[in-house]
Structures are given as C-alpha cells and as structure tokens.
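Naming follows writing order (A, B, C and D), and every chain is counted from residue 1.
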Amino acid sequence: MSGYSRTNKQKIINDPIYGFIKVPSDLVFDLIEHPYFQRLRRIRQLGMTYYVYPGANHTRFQHALGAMHLMGQATDIIRSKGHHITEEEAEAVTIAILLHDIGHGPFSHSLEHSLIKGLSHEELSLMYMELLNDSFKGKLAMAISIFRNHYSKRFLHQLVSGQLDMDRLDYLKRDSFFTGVTEGVIGSDRIIKMLNVLEDNLVVDEKGIYSIEKFLIARRLMFWQVYLHKSVLSADQLLVNLLRRAHYLSLGGEALFASPALQFFLNSHAGYSQGGQQAVFLEHFADLDDSDILSAAKVWAKHTDPVLSLLCRSFINRELFAIELQNEIFQEDRIDELRKRVSLQLNIPVEDAAYLVSSQGISNYIYTDLDDRIKILKKDGRILDIAEASDMLNISLLSKTIRKYFLWYPKFMKDLF
Amino acid sequence: MSGYSRTNKQKIINDPIYGFIKVPSDLVFDLIEHPYFQRLRRIRQLGMTYYVYPGANHTRFQHALGAMHLMGQATDIIRSKGHHITEEEAEAVTIAILLHDIGHGPFSHSLEHSLIKGLSHEELSLMYMELLNDSFKGKLAMAISIFRNHYSKRFLHQLVSGQLDMDRLDYLKRDSFFTGVTEGVIGSDRIIKMLNVLEDNLVVDEKGIYSIEKFLIARRLMFWQVYLHKSVLSADQLLVNLLRRAHYLSLGGEALFASPALQFFLNSHAGYSQGGQQAVFLEHFADLDDSDILSAAKVWAKHTDPVLSLLCRSFINRELFAIELQNEIFQEDRIDELRKRVSLQLNIPVEDAAYLVSSQGISNYIYTDLDDRIKILKKDGRILDIAEASDMLNISLLSKTIRKYFLWYPKFMKDLF
Amino acid sequence: MSGYSRTNKQKIINDPIYGFIKVPSDLVFDLIEHPYFQRLRRIRQLGMTYYVYPGANHTRFQHALGAMHLMGQATDIIRSKGHHITEEEAEAVTIAILLHDIGHGPFSHSLEHSLIKGLSHEELSLMYMELLNDSFKGKLAMAISIFRNHYSKRFLHQLVSGQLDMDRLDYLKRDSFFTGVTEGVIGSDRIIKMLNVLEDNLVVDEKGIYSIEKFLIARRLMFWQVYLHKSVLSADQLLVNLLRRAHYLSLGGEALFASPALQFFLNSHAGYSQGGQQAVFLEHFADLDDSDILSAAKVWAKHTDPVLSLLCRSFINRELFAIELQNEIFQEDRIDELRKRVSLQLNIPVEDAAYLVSSQGISNYIYTDLDDRIKILKKDGRILDIAEASDMLNISLLSKTIRKYFLWYPKFMKDLF
Amino acid sequence: MSGYSRTNKQKIINDPIYGFIKVPSDLVFDLIEHPYFQRLRRIRQLGMTYYVYPGANHTRFQHALGAMHLMGQATDIIRSKGHHITEEEAEAVTIAILLHDIGHGPFSHSLEHSLIKGLSHEELSLMYMELLNDSFKGKLAMAISIFRNHYSKRFLHQLVSGQLDMDRLDYLKRDSFFTGVTEGVIGSDRIIKMLNVLEDNLVVDEKGIYSIEKFLIARRLMFWQVYLHKSVLSADQLLVNLLRRAHYLSLGGEALFASPALQFFLNSHAGYSQGGQQAVFLEHFADLDDSDILSAAKVWAKHTDPVLSLLCRSFINRELFAIELQNEIFQEDRIDELRKRVSLQLNIPVEDAAYLVSSQGISNYIYTDLDDRIKILKKDGRILDIAEASDMLNISLLSKTIRKYFLWYPKFMKDLF
C-alpha cells in the first residue's frame, strides 16, 4: 500500500496516528486535491511550538485529514445506536470538518488576529467554503449549513464544533503525539464509542464519564504544558512583533523584501473590513503560508532598522526573549521603565522599544459553562451536565476562563536588572 | 518537565520517538544553539516525501538530535563491554554525529546535486564543522578528525558513518515513525545492545544476527516504500526541474523573485568549485532553507514563462507528473518523441520541453559489499561477514546496487497516448 | 539479546512495557531466582480480571520486576538533584520494592482476606522477607528496615509505599497496558523525573503538577473501569464463595480433592493467628498459587454438594452471577428473601443459599487525606499539598473513601423476578 | 465501554493489541461462551516461554479472538476487491479460525505429542468442532468443511490455514507483543490490505512484496529468538520429561497426586488410538489445562522418586537444565556416557537417568516450498511465487526445513566436566 493512491477508487492515506485514513468519497477526494486545501500542507498546526517541542512540525493538512477520519467513526457509531444519518448528511458533515480550518493563515494561531485583524480563522474558513461551493456547483451547501449551525439536525454541527467535536479529539491526540507529551494522549476511540444522540443533542453514554474526565484533564495538561508554554508564548511574540514592525515600516514607505502575497498585507492600511475587496483579499491570503514569513524574516534579519533586524535575528536563530507570567495585569510603570531602558541600551526611540517590550493577557478555557455543555446520558434516560455527573472534577473552576498576563522583553535586560 | 529547558544545567528535549533526549554537555548545547544548527529546523528530512506521506514533515534538526541520543547509548554499551572511550572521545563522537548533516540544503536529498553541483552534503558538513571549529576555538578538532576517519580509533568513525552508524539507526526509525510505514521500524535498542568492538572494528555480537537481518530488510522496505516511491520521485523531479528552469532564466537575464540567498545561486554560473569564494558561498548557503524555495515557487507559478509557471503550479498544488520506472535505460527515441509532443501541445520550443520530460537513473544500495561490511562476532571469537553468517539473506544481491530508470512527463500526455 | 541471560554478569530481562529491565546486582539476581520469588510467576496480578479483560494474565512476577526497574530510575533522578543515596541504600530500596508483594497469595487481591484471615499481604511479605534475610545472612536487613519505615531516611520508604511509590507507578501502567484500557496509562517517566526530596520527604517539582493531576484521574478511571468493574467483582465473589463452601465442607469432614498445600488451609479451623505454627503455615502458603485453586475447582464442579458444584461450574465456565451495585447498604429483608427463593429453587437449606447470595461493602480511595499526602515543591521553595496546589481537582472528594455495596446472586433469579 | 459486554447485542472485547474486538454474531458469541472455548483461558499460548520472557502469559483464548478479529478485516478487504463472500461463508470462516486451536492441551505446543501421542492439536480441534456442531444443531457444518479444506471456495481455507492465514498473522504479532521482542512485530494491517483472490487462490498484490519479505524475516527472527530459544527448549524438556516420568511411575502402580483428568492420562497405557473410547477421552481432555500440571508438579517435587522430584523441583523453581544445540545428531556414546555419570552422581539406575539426559531433533520451517506457496499477483495479472518475485530472500533456504539437535542434562554435570 503506497502512502497515497487513487487507483481503483481506493484512496488511502498513511497517517502515523491512525495507520490508514480512507478518503470516503470522490467529492471529498477532489476537495483534498484543491489548492486551497493543499496549502494547509505548508502551515504548521502549532505555530512556533516546534521551538520548544522539535517534533511539532505537523500541519493543518494532517489535522484536517485526522478529524475527517474520526468523523467517519463517529457517524458509524451514532448510526449503530439507531439514529438516522443519510448518506448525504454523512458526506456533508465530513466536508464540514475537513474544511473547518481551511481559513487558517501562516503559523495557525500564532499569527491569528495579528496579520489580519478583525477576522477569525472560522470566518475565513467559511469564506473559502463559499468559494469552493461555487467551484463545486453547490455541492457544499449542506456542509456549510452544518458548519454554520443552520442545519436542522443540530447534533451534526456539534460533531464539527462543540465540547466533544472531532476537531478537539484529533488535535489533542495529534498534538500530544507530535510534541511527545504522551500524557496528553486521549482515548478518542473510547470517547467516540460512547457518543450518542438524545433530542438532537450529542451526548455521552454514562459509562464514558471517566473518559470524559480524563479528556478534560488531558486538555488542561496540554494547555499548560504545550499551548501556553512560556517559551512558545515567547517565540510567538517574536513572530507577532516582527510582523507588526515590518508593517509599520512598510506603511512608512520602507521597501521590504516580501512575496507579493505578503507584500499585500504589509502595505494594506487596514484589515479586511476596509473596502469590499473580498475577492482580492482572499486570493492573496490563499497564497500565504509559513514559508513567506520565514523566508522574509531571514532577509529582514539584515535590515538596517535595528528593531526589525533584532526581532528577526532572534526569531530565526531561536534567541528567545525573556517572558514573565502572572495572574495580574503588569503595571504600566514597569512596562514603561523597561521600554525606556531598552531604548537607552539600544539607542532607539522609546516608541520603537515598544516592539521589544510587550505585555498582554492570554486566556484559556478548558470547559465553558455555556449552552454547549458536555451532557451525560444516564442509563435511566436522564441527562446530566458533566458538572453534576462527575463528583471528581471541579467543573466550576474548569468552566472559569483562566486569564494570565505576560511581560516580554529582550534577555539582555535581565543582566541589567 | 518542559520540552526544552536549560535551568540547572539540565538540558532535556522532548522527542516523540525516544521520549526524552538529554543534551550531554555544555559544548554540545552551545552547538545546538548555533544558527547553523538551528537552520536544520527549517529543512525537511525527507524532502518532498510529505506529498505522499503527509506525516513526513520531520526535520534534519530532529534527526540530528536523535542520532546524538543513540550515540550516547552506543558509547555506554561499548564501554560496558570493556572498551575504553575517554570522556573527550565520547563528546567528540557525539559532536561528529550531531553535525554530520549540517551541510544539508533545502529539502535535503531532493535538491542535492541540483542546487549546488559538485559538492555532496558530507563535504558541506565538513566545511561548516571547520567554521564552527574556528568559532569554538578548536574544540571540534577531534570530532572533525573522527568524522574524516583520521582518528586513531577507527570504530568511532564507524559509529558516525558505517553500515550500522547512528545516522542510519535513527533515520530508519524516524522516517518509518513519521511516514506511518510501521513496518520499517527497526529495533535500534537491540542492535545497539549487540554492538561490540574487535580489533578497532565495530562488530555485532552473534546473538544480534536476526536483528541485523531485520534491519537490512527494513531498510530495503523503506527504500521501495518510501525513499524511492514513484510519487516521491515525481515530486522531487518537479522541484529539481523548476529550479533548473529558474536558473536558466536567471542566467538569461530574467529577474525572478527570490530571497538574496536563493538569488545568489540562481545567478551563479557554476557551482562552488569555481573561484575561491568559499566564504561567500557558505554564508549564502547557510541562509537557505525550504522556505526560500516554497515562497519563490508560489510567485513563479504566475510567471509568464509557461515552462516555469507550469512546473511551479504543479509543484505547489501537488499536481504530480506521470512517472514510469523500469530496469533498463529509456530509449532516446521515446524521450525525444515525448518532448516533441509536449512542445506541440504547449506551443513551446522543443528545448524547453526538456524541462517537462526527464529521464534519469536512480540507484539504491542496501548493503555495499566493500571494505565496510557488517561483521558478526561469533562466540568463539571468530569474525564473519554478515553474508557468511546469515544463511537467509541473499547478500550478494543486497550488495549489488540496484539501478532503475525513470521517465517523467506531464500527466496530460497520458490522455494523448 | 535473549530474554533472560546471565552470561558475563549481564542480566537483562525483556519486558513488553519498558523494553529491557536490567537486574542491578548479584544479590538482587539471587533473590529473583529464589523459589519464593519464582512463585509469583504463577499468581495473576489482577485476580479474576482476565474474565473481563482477557489480556490481564500478567503476574505479580512481572509487576515486581517493573517496580524494581522504576526504582532504579527514581534513585538516579533523586541523586541527580543532589540528594545522597549510598550504593547500599539504593540496593536496599530496590530489594524492598522487589519483595513488597512476595506475600501475595493465589489470585492476589481476589482472595485476600478470604483464604487467610487476619493477615494482609503486606504482613505476609514481611514474614517472607525475614525468612529470606535469614537465608541471605542478614543482607536484607536494611531493605526490611526501609519496608517497615524504620530506616532513618524516610523518603526511601515513601518510594516503596506512599502516594507516588514505584508500586503504584508500575501497576497503573502495567494494568492499563495488559487490560487494553489505554486511558489508564500514566506518564511514569515524567512523574519520576519530577520527584525530589525536601526535608526527608518525597516531593514533586512544581512543573509536575499536571502530571500528578493526570495520575490521580487515571487511577480513578482504573478503579471504576477495571479494579471495581462489576463483572470482576462478580467473578471474584464466585472465587471467594467457592472457597468458603469448600472450607465449610472440609471442616465438616468431607474429603475434597486438593493439593496438600490447599488441603492445609481447607482443614485448618482458623487463620494463622491460631497457634504459633508460623513456619508450617508459611511453608504451605509458599506452595500455593493460582493453579491449585483452578485445578481443584474443576474437580469440585462435579462434586455432589449442589452448592459447591454450582459455584465451581459457574466459576470455571465463566457463567457469572448477577451483581447489583449501590451507594447504600442492601436491606437484610431483600437478602433474606433472595436466599429463601434460591433455597426453594434449588431445593437446598436456606443456610446453604447464603453461599449463593452475598452482599458486602467495597471501598476505594484514590487519594487519602492523611499524613502521607502528595507534596508539591514550588519554585520559591514552599511546599503545598496537591489539594492546595491544584485548582482543578476536587481533592476533598478524592480524599473521601467511596463506599459502595453489592448484592450478588445467581442469574437465574433474574428470570424469576 | 466495559471490557466485555453483551448489552444491546453490542459485544465488544478489549484487547491490548487491536483495541476493541467486536464479536460479529450471536452464534460466534455463544461459541465463545462455551466451556470448551473458555478452557482456552487457562492455556498459555507459548507454553514455558514465560520462563524466558516473563510477559508471555497470554493465552490461546486471546489468540483465537485476535485471529477472529483479523478474519473480519480480511473478508472485508477481499469483498471490497470484488470477490463474493456470502454472509454465511463469512460467519463460517470466522468460526473456523475461532476454533482452529480448540484442541490445544496444557501448555500448547510444549506438551503436544507428549501427553497424547498420535494426535495433533489440529485433529483434536476437529473432534471438538464436531462435538460443538452436534450441540449447535449442525450450524458449524460449513465452518468444518472450510477447516478441512472440503469447501468449494478454497481461498477460505487458506485464510484459516495457509502461508498467510489469520492464525500466523495474529500469533506473530501477539507473541512479539507479549514477549517484548518488538522486532518480531509484523504489519498485519498492511498484509491484509494486500490480500486478493485469483482463481480461487489467496494471493498478494504486487505492492505487498516488501511486507511479505518482512513477514518472513520477522517469522524467522521469532523462531530463533523465541520459539526455539535455548532456555525455552530447556524448560519445555523439563515439562515433557516430568510427565514421562510420572506416566512411567503411574503405570508401575505408583499413586501420584493428580486431578482426575490428569490421572486418566497418567494411567492410560496408550494414546487415544487405542480402543474407541473417543467420548471418554475427549471429556477428560476438555478438563485439562495448565493448572493441573502446575499444581501436580508442585506436589511431585516432594515425591520419594528422586528422578521425578528432581525434575519437578527444577521445573517449579526454574532451575533450568543445560542444553547444547548443534546441526548434527548427538552421538549415542556421548549421551550414554552422560547418563552413566548422572546415574553415578545421583545413585540411580542408568535407565532412570534417561529422564534426566535427553537428546532430540527439532525443526522449523519458515516457508515451505510445497503446494501452498505465497503467490504474488503482478499488476499485469501474472502470478509469481514469492521465491521468483523477491530478489532479496534466499527462498530456497527459507523453504528448507532447518533441523537442529539438542542435548539436555542437569546443570551440575557441567561442573563435573
């Protein structure tokens, strides 16, 4: 079995986690072959995390295929429990999960809200789905309807986006696999086997409660061990700030080396919201991936602007900045003082030092206590929220968004303290 | 334990294969931190293989750390069998394996002998080791001596480069892990446990013979299933030919988008051998990685030259060319005929069609019957070549380099046949 | 590498979980070779659990070796953090963990407190350690001292018996491995890497807190999914009651087929406490293992006593009794009523029906809120109990022993309801 | 998901290798519940191998379920390639593989041809299948027909018994998993995916050739590393000879402790062939398992016969005899001389010493060059034997049965040499 073959309509892809992934239909196959989807091969799933966990080079492409694979399992299980899912619905929900991340830009979350303001990757995904729907003559209509939660069977949307969607089940497993943080591994097989539907809601059979507890704990572990790891945050911030600085210089008239697609974003005064040039915007965005940023940053590392070149050198050579994390917001005084000292040290204006000293809030939530709770189906037919069903987890705490703040500045400042 | 930490001189890196990799000394740590080594984070270990096995995004960086890890095991085992290895030698052989691939360029083997002619990656590695030796005030002298096989204890060189070196043991394991071709997995633990030294030669204790057989078979399987997979060869050829075309156009005066480092190679009339500008050459080469090629190819996909744009579009969107494989060389007539038809079809000169229709020989060898054979240490003290010791493997065939030839051309030509 | 070799004082044992386990010293090797220890090869680690999870045939022998292996890792880590452990202490703590379960009888916990009353397996382990200490001329004195928590360095005892001892770390990993309940897998590597010592107490470095949370959750999952699985409890109860019945018949003068060792226990009026015949008792107990029970039960399945034969047939052929589980004690009325109906149904005296209808309390605790808490070492040097350090786990609930009650009776009674 | 559940006709069993095994039909479920099949829970798959690889406590029960699981995959794949298999045939071939080993006695192969002479386990399996067919009112007729290769579709038999049957695919994977000899792991998934049918023969698609090579090499490795490991042979021989001695003493009128079933075999003058008491024979045999032998051997270890007690003590306490292995038959002189010295040493008649000094031939074959060869289906439709298709393996050697001879004697004799 080769890794990727189309002969005899047998389309099977090798995956280090699931072994073999079968492409379920010709339409899905054609979507995978589309340049918009192939682009995901060039976008790292976990942004700069590979600076901390060298194995984390896996891509959005792999994740999307993995989530598609789990969706096949989930629809099989749900059907086997007596809930009707038509062939068309099964294909649509598969397409919805396959394309759920198609709007991700370079380095996934690391650059989200930074390169493009005012648009989440979900909104972008939807735009690309609409474009694909045009190309594929309306065949994605039901998938889009499910994705937007407009489709009558709500539980299909919950498989795409919810507390136990196939997105999370795949990314937790995949991210722990590739980082080597084996403790984050979840029992996706078992959780999927426990899925059920009651009154158009995705629920979990009672026997699955321990697996759900473990899933929540594993998710929390991944947050602190990986997603919000201090050095990952520090590396992300380098990336964010070097692009902010490049944008600033570009807008000021400085010509910077960049691919045309990257150039477009460096030169635009505002985000997508401005004007109605959606088509142009989406075309350029579809040309962007990790490589444009990496290739440009290496060139900018030799730029005459001391701020840009410092950020880029640090970024390329992995000379991470210091980062402090605390539960309270950092005082403006301290930040200002740091910027002043950096400006003195590097002999740059204090406004420029703001690119080298950053502070910001970050937050995570493991389980949000909103409409979309994990529901446990008791043997007697009752439905309980996991918070009631589990006597173990402090769900009220889990539900609370944890907010932390970081302060980020060049390492040489440490020696000056 | 975070992924990567330096506190208290405890330097441990997470690896999905070995769990935890310990950095054995401060010098080794500093080498890992050097920009030359960090560059390997941006070079895929298996070139375009991720077009066939989507998991194969692992990098030279990961491989070098893995080989370093195995070297630690190997020196421990050899010492435990009574052979003396000084602390200095242990560090030197560790450095030699850590840096053995530091001369790899973008996409590793996929572009070797193409971007730079007349220089293998081993020769380049040596050049960078010499540069690092200067930076580190001669501390790499013994490592270089071992790498070049000039050091008195020959078996140390064999651990770096030989039939059972730590390079192979890691890459076979790593490549099968990340491709998901689980059958290629080798028992590196067991093989290393069986290593011994006799008369300054690395040998294998007799009990390890079955592991060696399996290692050779796994290696062969990986060659055909992965390294020489038809679609991988086809993708590689796109990469090779798009760079050849870009080079041709550049030399003809066409200005192409490229990072300065890539520009340097596109504009140079010849390889490194010409002139004595080693320093300039190495500086530019150290700035190159996968991202420069990917970023440029996306731009070139819209170039007016129909050959370059076709190659780049095909490359970026994974529209692989057809490829035929056979044991005999392809006849010139057939190749010429194909080129003529391509030139007619695309309305381009027949010389240009040569970039779209390629034929070439490829070869592999699993076990080369030369000086450096795998030697089995019998319990009675005798040494046997694996070819004598194994009654199972057809070693004479294994020893023979297998040569195949491919013919590569656009897929649309298939429909014209 | 063969599975088990003594040549050249290289003593290495293959283990499916850890790969290779090295026997650290000649004394340890000799203890492993002793018949008392070899007996553990014939005692299933998880009693009747293999009736629910067919893979759970692993033995106390494997577990003891695994715990020994982890002890080697733990002492290495603790030493590397600057805490002194002498060679003699390292060997002693290794022996203590190796022998900690040597007093287990047939089917481990399934028959504990049933075959022998008034003696826990820990007390028996200690008795056998004393016997071995005599044979080995006092060389086990320090190991015994550590086991009994009489040794000055208390943290050594905590490695043998405590919240995070090597016993638990191995059995959770091993039991989840062999049952196939992959979600129970814990990151023993990471936990061990986080161990530290402060003021003679085993503590966990702050960074390990998420691993500890996951360990507690995994432990809880294993309790409900495996250790207290209803069908396992039901199978255990068959075993307990068939032995009770056989004991009753034996004491009444009935000659039952049994090996001499089993005969000894069937015929003794009371447990070990009676008389001072410790030597005789221990000699017979050392001859007992799973096989004596299994072999006898097959014979008893054809006995004329209808109660014994029903219990044994059900046991041998895995025709499990019904079991109900609830949080409150079952009412005497219901139990009596059931016994009456069983006596009518089978035409046996109602006293005999008590062997076929049982009710009992069971309890588990995951984390006991006593002296020996898991202590977290903050970076600032403070020590926190996990209950304070974790904002996630409901430790007060974890600390509470959960008590449940079961009611167990023949399945045919269900049809009569 | 509990390990083993029948609710809602969902019958799923946990397996450490495949995760979840689904019981495909009610008939299959009822067969699994039958005492004949449950007996396999008490028979180790690999006899005394657990004396070398402590993890090898897996049973015939687990193996039979595993092979059943793979059969489901194989029939799915073959159907997906356009070959018709009716539902009835699919169930029949599943039953055939489930029951293929039901005739195994205590310690599987270790005691085969020793306890019962003149009957292989396959013949016994067939007898029990016939008995079950009677109980199940003829529902096993087609399964038996397939098992005996009397059924019209021959490839179904080949799935049960052939070069690539589900038996081998499971046992190689399972035995390497539980021994921890990871190198023996085969890619059963990939091999099954490559199975095809041509002219009523099971064949392998051309792309699978490397997997087949690896399968053959892995099988060979398992033979030498596990199945014919010297210490395993030595332990097996203890078992064989202690039973021979007990048989001899029993026939001589000595009353030995034994369960009635074991007693039956100890007292019978000849094997099954004698007389026509098949029913009695099969009834007793069905009552036998590992426990009867283990329990008795412990008692016999204290018997007054010095030969029996020595054998049993050695067996129980794992004091293995010395064993020599060579390609040529051992000379009678040497054997006689050894026996004489043993008789002197132990002061026993020289005839008795024959139980303590044994010599015998053993043979293995990895690939037998007979009717049933592995056939490769080329893309052009041609069929090649693997020997022609693979240029790598020395198939003529693989085909040759390797015959070795061992000489086995008490270890104390070594010191006397």
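Here are a few things to note about the model shown:
The criterion applied here is as follows: a contact is a pair of C-beta atoms (placed from the backbone, for glycine too) under 8 Å apart; a residue touches a chain by one contact, two chains touch by 3 or more.
Source: prediction; values computed, not measured.
Distance from the centre of chain B peaks at C, each centre being the average of the chain's Cα atoms. Annotation: the chain B:chain C pair of sequence copies touches via predominantly the same residues, more than half of the used numbers being shared. With each centre defined as the average position of its C-alpha atoms, the distance from chain B to chain D rounds to 44 Å. The geometric centre of chain A is 51 Å away from that of chain D, both derived from CA atoms. With touch defined as above, residues shared between interfaces to two or more other chains in chain C number as follows: 2, 19, 182, 190, 225. Those residues of chain D that touch chain C in the shared complex are 2-4, 13-17, 19, 33, 35, 38, 41-42, 50-55, 57-59, 61-62, 65, 177-182, 225-226, 229-231, 257, 259-261, 287, 289-296, 298-299, 316-318. Residue ranges on chain A touching chain C, taken from their complex, read 182-183, 185-187, 190, 210-211, 213-214, 217-218, 220-221, 224-225, 391-394, 397-398.
On chain D, the positions that touch chain A within their shared complex are 1-2, 10, 12, 19-20, 80, 189-190, 193-194, 207-208.
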